[in-house]
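Read through the structures below before going on.
First subunit A sits with subunit B, and in the next complex the same chain sits with subunit C.
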Partner chain A sequence: MTDFIQNCIDGVMIGSGYALLAIGFTIIFGVLRRVNLSYGPSIMLGAFVGTLLYVQFQAHAVVVAMATVVGAVLAGMYVERVCFWAIRRGAAVASMVSSFAIWMQLEELAIVMLPERTYPFPPLTETAPIEIGPFFLRSEHLTMFVVAVVLVAVVHTVLYRTRFGLSVRAVSENLLAARFMGINVDAVMFWAFALVSAIGGVAGFLILATDQQVTPYFGLWATFKGLIAMMLGGMGSLPGAILGGLILGIVEVQSLWYLGNDYKDLSAYFLLFLVLIIRPGGILGHALSERERAAFRRV
Partner chain B sequence: MDDYVVSILSNIGMISFLALSAYLLLLTGEISFGQQAFFAISAYLSGIATAMWGWPLWSGLLLGALAAAAAATVIGVLTLRLRGLYFSIATLAFAEMVRLLFVIFHYQVVIDGEPVGPDGAEGFRDIRWVFENNISVTEYMVIIYTVLVIVLTLFFLLERSRLGSIFRMLGEDTLLTEMQGLNVIRFKVLASGIAGFIAGIGGGFYAHFATYLEPQNFSVMLGVHALVYGLIGGLGTALGPLIGVGLDIGFLEAIRAIQGYRMIVFGGLVAVLLIFMPRGILDEERIHWFRLTWRRWRDAKR
Partner chain C sequence: MLTVENIVTAYGMIQALRGVTLEARKGEITCLLGPNGAGKTTLMFTIAGLLKPQQGTVRLEGEDLSGVSAAKVVERGISLVPENRLMFPEMTVEENLMVGAFVRMKGKKADLAADKEAVYAHFPSLKERQSQLAGSLSGGEQQMVAIGRALMARPRILLMDEPSLGLAPLIVEEIFRIVEELNQAGVTIFLVEQNARMALRVAHHFYLLEQGRITFSGLPGELEEEEVFQRAYLGSRQE
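Right after this comes the complex of A and B.
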């Protein structure tokens, strides 16, 4: 039982990182109605900029964090311009394919920058794990969790308390209506992208600081962890993204502990497949099927 | 032709099957991230059939492709309710499950004092049927392309048939298809099964070409590439995905000179292409235009 609770604690901590990635996907999907496969790779590129500073100049972790976020935001803006702004609406699939092409580009850019397979990434803190009764808390995990909670609060405030957040929500709700209200839709999309990339940059830094190493594969990893967490919870819902991230974290840690490393990802994918088949809208998504919705539209 | 060119061309041929498989589902309006699963299932099974059970290549290929079709049919039934991104992610989850299952899949028999068979993450070595039967790489390439041409011909026949129209109709609007009195469920499952079969043919060829399989070969990257080929080449004709494959593998080999930067160049080119041709190079409109021009030219000559 102690093991189980300990695993749950670890899972929630790791899951908070996934939740941040999922929030990024959810916001982009809400605003643009398109999938950005390049989300993970742009974070990875930011992390590589940070690593470059760390490897070349032994930069401090805080500098690396800032470089990661700035790099991720710049890469994200580039992705937005090329894959989403330049390709007109209605061509959602073209945007997805384009974001995949840019992914390949970003990955090679990272390899050109740092040609080895693996690079060290600076840890945020070097303190020993905190002990609470029979349980251990890794300080990196705790930092990740606290930062994630703060970021979620910030995102929530931005979305529900500011004018910009209002326009983001308006665009997600109904693009045409938002445009009629005088909202500059293109600008909203651009800045939503920047915001999301910044969140991703922070999440990427925290995850990598825990792992203490970075490879170009991080792009693939982050994209699919974020997508999975989002789909588990339900697309386009902020609480869903958080719940999905936490569930993914807990399931991974539990299956790693009880079944072994080979089963860690396997059980996560199995759970995802099961959730999608049984409850196609995700756990917190609305269960209204596409056909019914199409019918309503026609009526 | 030297062996290098032959191996590149064989690769293009084998991946074309996977691209055609993803293309068929794209016609019915579904974006699948998971066609590599059926490629993998068939690769492993046909490899097991020839290397471990001593079957000839043809029956091994057929067994692999049929198993892939069966798996695809089951997945088709399970994912019937899913649309759009949900479908894509469900197929992705399935494909990753298959890949990870092959990581823990051990099944070996001892042949000539050597253990043969899939050994989890260590991979599946010595699928040597092609080598043992003295088939040269060039001959093997010819076999691959013969089958590819047959499949392509069937695709062209499909596009002219009622079934082809139904598939395209499904892609346009499921509800309207249903209102034509067509059994949407049956046609969706059928499309999924056929797509699985086509991917399976490619997988079987791949196993005997590579002689060595490991689960990592069938990662999501393979599936996303296969999907993207059709979307770059265009959804107007079955030649579209082949153009995509040729562009990717052929073009990348051709610009080896700028090694290290070629994905930057290629990725940028694809992104620019998609800005001007969001539905791919040979999209429906362009194909229609070609047909009209051809007819006008033919009539004028008469």
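Right after this comes the complex of A and C.
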């Protein structure tokens, strides 16, 4: 039982990182109605800028963090202009395929930048794990969790208490109506992308600093985790993204402990299939069928 | 107040508006009637800045609005109550109204509370429902939200695209009563409608749009009612 609870604790901590990635995918899906397959890779590119500073200049962890965020934001802006703004009048699929191509491009760029396959990442903290009764809390995990909570609070504040956040929500709910309200939809999409990239940069830094290494395939990894968490929790729902991330984290840690490394990813996919069969919208996604939803939205 | 001169708007090679000229005078209710496909919504979208005309100008109290983006058009003082209402379904009534005031939220704290109360004064049933999700409202209530939302921007002129569409007759009467009320309070209104009977009851001046051209301009009563209805719903008899 102790193990089970310990795994839950670890799972929640790790899952908070997944939740941040899922939030990024969710906001972009809500605002642009498209899935950005370059999200993970743009974070990875930011991380590579960070590791470059670390390896070449022995930069402090905070500097690496800032570089990761800035790099991710710049990469994100590039992706937005090239994949999404440039193809905004095209079919949604065109943008998504384009973002897949850019993913490849970013991965190649990272390999050119730093040809070795693995690079070190500065550790988050050097402190020993914290003991609470029979349970251990790794301090890196705790740091990641706390920062994730703060970031979620920031996102919520931005979305519900700022003019910009209002425009993001309006564009997500009814694009045409948002235009008629005087909202510059192109600008909203661009800055939403920047915000989401910044969140991704922080999430990426936290995750990589916990692992203390980065590879060019971090983009692929982050995309999987973020998309699975988003689909588990419910596409288009921010609480869903958080819930999906936490559940994914817990399921992974539990299956790693009880079933071994081979079954860790398999369990996650199995859970996803199960959820999508029982409740296609995801756990917190819409309970209504597609037709009922269409009627609700025909407003 | 709003003058449209020789507007030609095309979708690719299809000309939806073939040289439309009309005027909405300040303080009046001006109506545009016409059958389906005549180009009424195309004209509204052109005035609102969503579509760029191939030719012609749109002027608001003398200011040329050519090339002005949709967002800026709202800032200049034109608010559109769109066809089919276009609610933000998962926002409450109150939040929908707030989005309406988006262009006024820049910089210093705008006094939106007063505008909100003014909207509720026009639409008391909305006040009861202010925390209800807009997607769950009836058609008539949504229409009221759409009108109130447009008013929150304090426009110089209110454009209304088929406000009676899909609404029950009793509700349609209420909507038009509200249109008159707003006009009497000083709002200039440019109204596009298929419901010729109700529109002519409130209009100070009306136009007929058929196949992208203005075919009549005048006062209600100048044209035989029968002829108006026929041309508004069906278009002129082909010669």
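Here is the rule we go by: the second predicted complex is superposed on the first by the 288 of 299 C-alpha atoms of A that agree within 3 Å, B and C clash if a C-alpha of one lies under 4 Å from a C-alpha of the other, contacts with A are read in each partner's own complex, and residues count from 1 in each chain.
We adopt the following convention: a residue touches a chain if its C-beta (ideal position, glycine included) is under 8 Å from a C-beta of that chain, and two chains touch if they have at least 3 such contacts.
Since this is a predicted model, take the numbers as computed values, not measurements.
Asker: Using the touch definition from the top, say if A:L195 reaches subunit B (first), subunit C (second), both or neither.
Answerer: In the superposed model, A:L195 contacts neither subunit B nor subunit C.
Asker: Quick check on the superposed pair: does A:N184 touch subunit B, subunit C, both, or neither? Answer first, second, both or neither.
Answerer: Only subunit C; A:N184 stays clear of subunit B.
Asker: Pick one for A:S167: touches subunit B only (first), subunit C only (second), both, or neither.
Answerer: The second partner, subunit C, only.
Asker: Using the touch definition from the top, say if A:V93 reaches subunit B (first), subunit C (second), both or neither.
Answerer: first
Asker: Touching A:Q105 in the superposition: subunit B (first), subunit C (second), both, neither?
Answerer: Touch status of A:Q105: first partner only.
Asker: So, A:I277: does it touch subunit B (first), subunit C (second), both, or neither?
Answerer: Touch partner of A:I277: subunit B, not subunit C.
Asker: After superposition on the shared chain, which partner residues are touched by A:M235: those of subunit B (first), subunit C (second), both, or neither?
Answerer: first
Asker: On subunit A, which partner touches more residues: subunit B or subunit C?
Answerer: The partner with more contacted residues on subunit A is B.
Asker: Using the superposition on A, tell me which residues of subunit A are in contact with subunit B and, in the other complex, with subunit C.
Answerer: Residues common to the subunit A contacts of subunit C and of subunit B are 298, listed in rising order.
Asker: What does subunit C use to touch subunit A in their complex?
Answerer: Going by the criterion above, the answer is residues 48, 50, 69-75, 79-80, 82, 84-91, 95, 98-100, 102-103, 105-106, 134-136, 142, 149, 153.
Asker: Taking the complex as given, what residues does subunit A use to touch subunit C?
Answerer: 163, 166-167, 169-170, 173-174, 176-185, 296-299
Asker: Quick check: in the complex, which residue numbers of subunit B touch subunit A?
Answerer: Contact set of subunit B toward subunit A: 31, 78-79, 81-86, 89-90, 92-94, 96-97, 100-101, 103-104, 174-175, 220-221, 224, 228, 231-232, 260-264, 266-268, 270-271, 274-275, 278-279.
Asker: Once bound in the complex, which stretches of subunit A touch subunit B?
Answerer: Residues 29, 35, 37, 82-83, 86-88, 91, 93-94, 96-98, 100-105, 107-109, 111-112, 220, 224, 227-228, 231, 235, 262-263, 265-266, 269-270, 272-273, 276-277, 280-281, 289-291, 294-295, 298 of subunit A touch subunit B in their complex.
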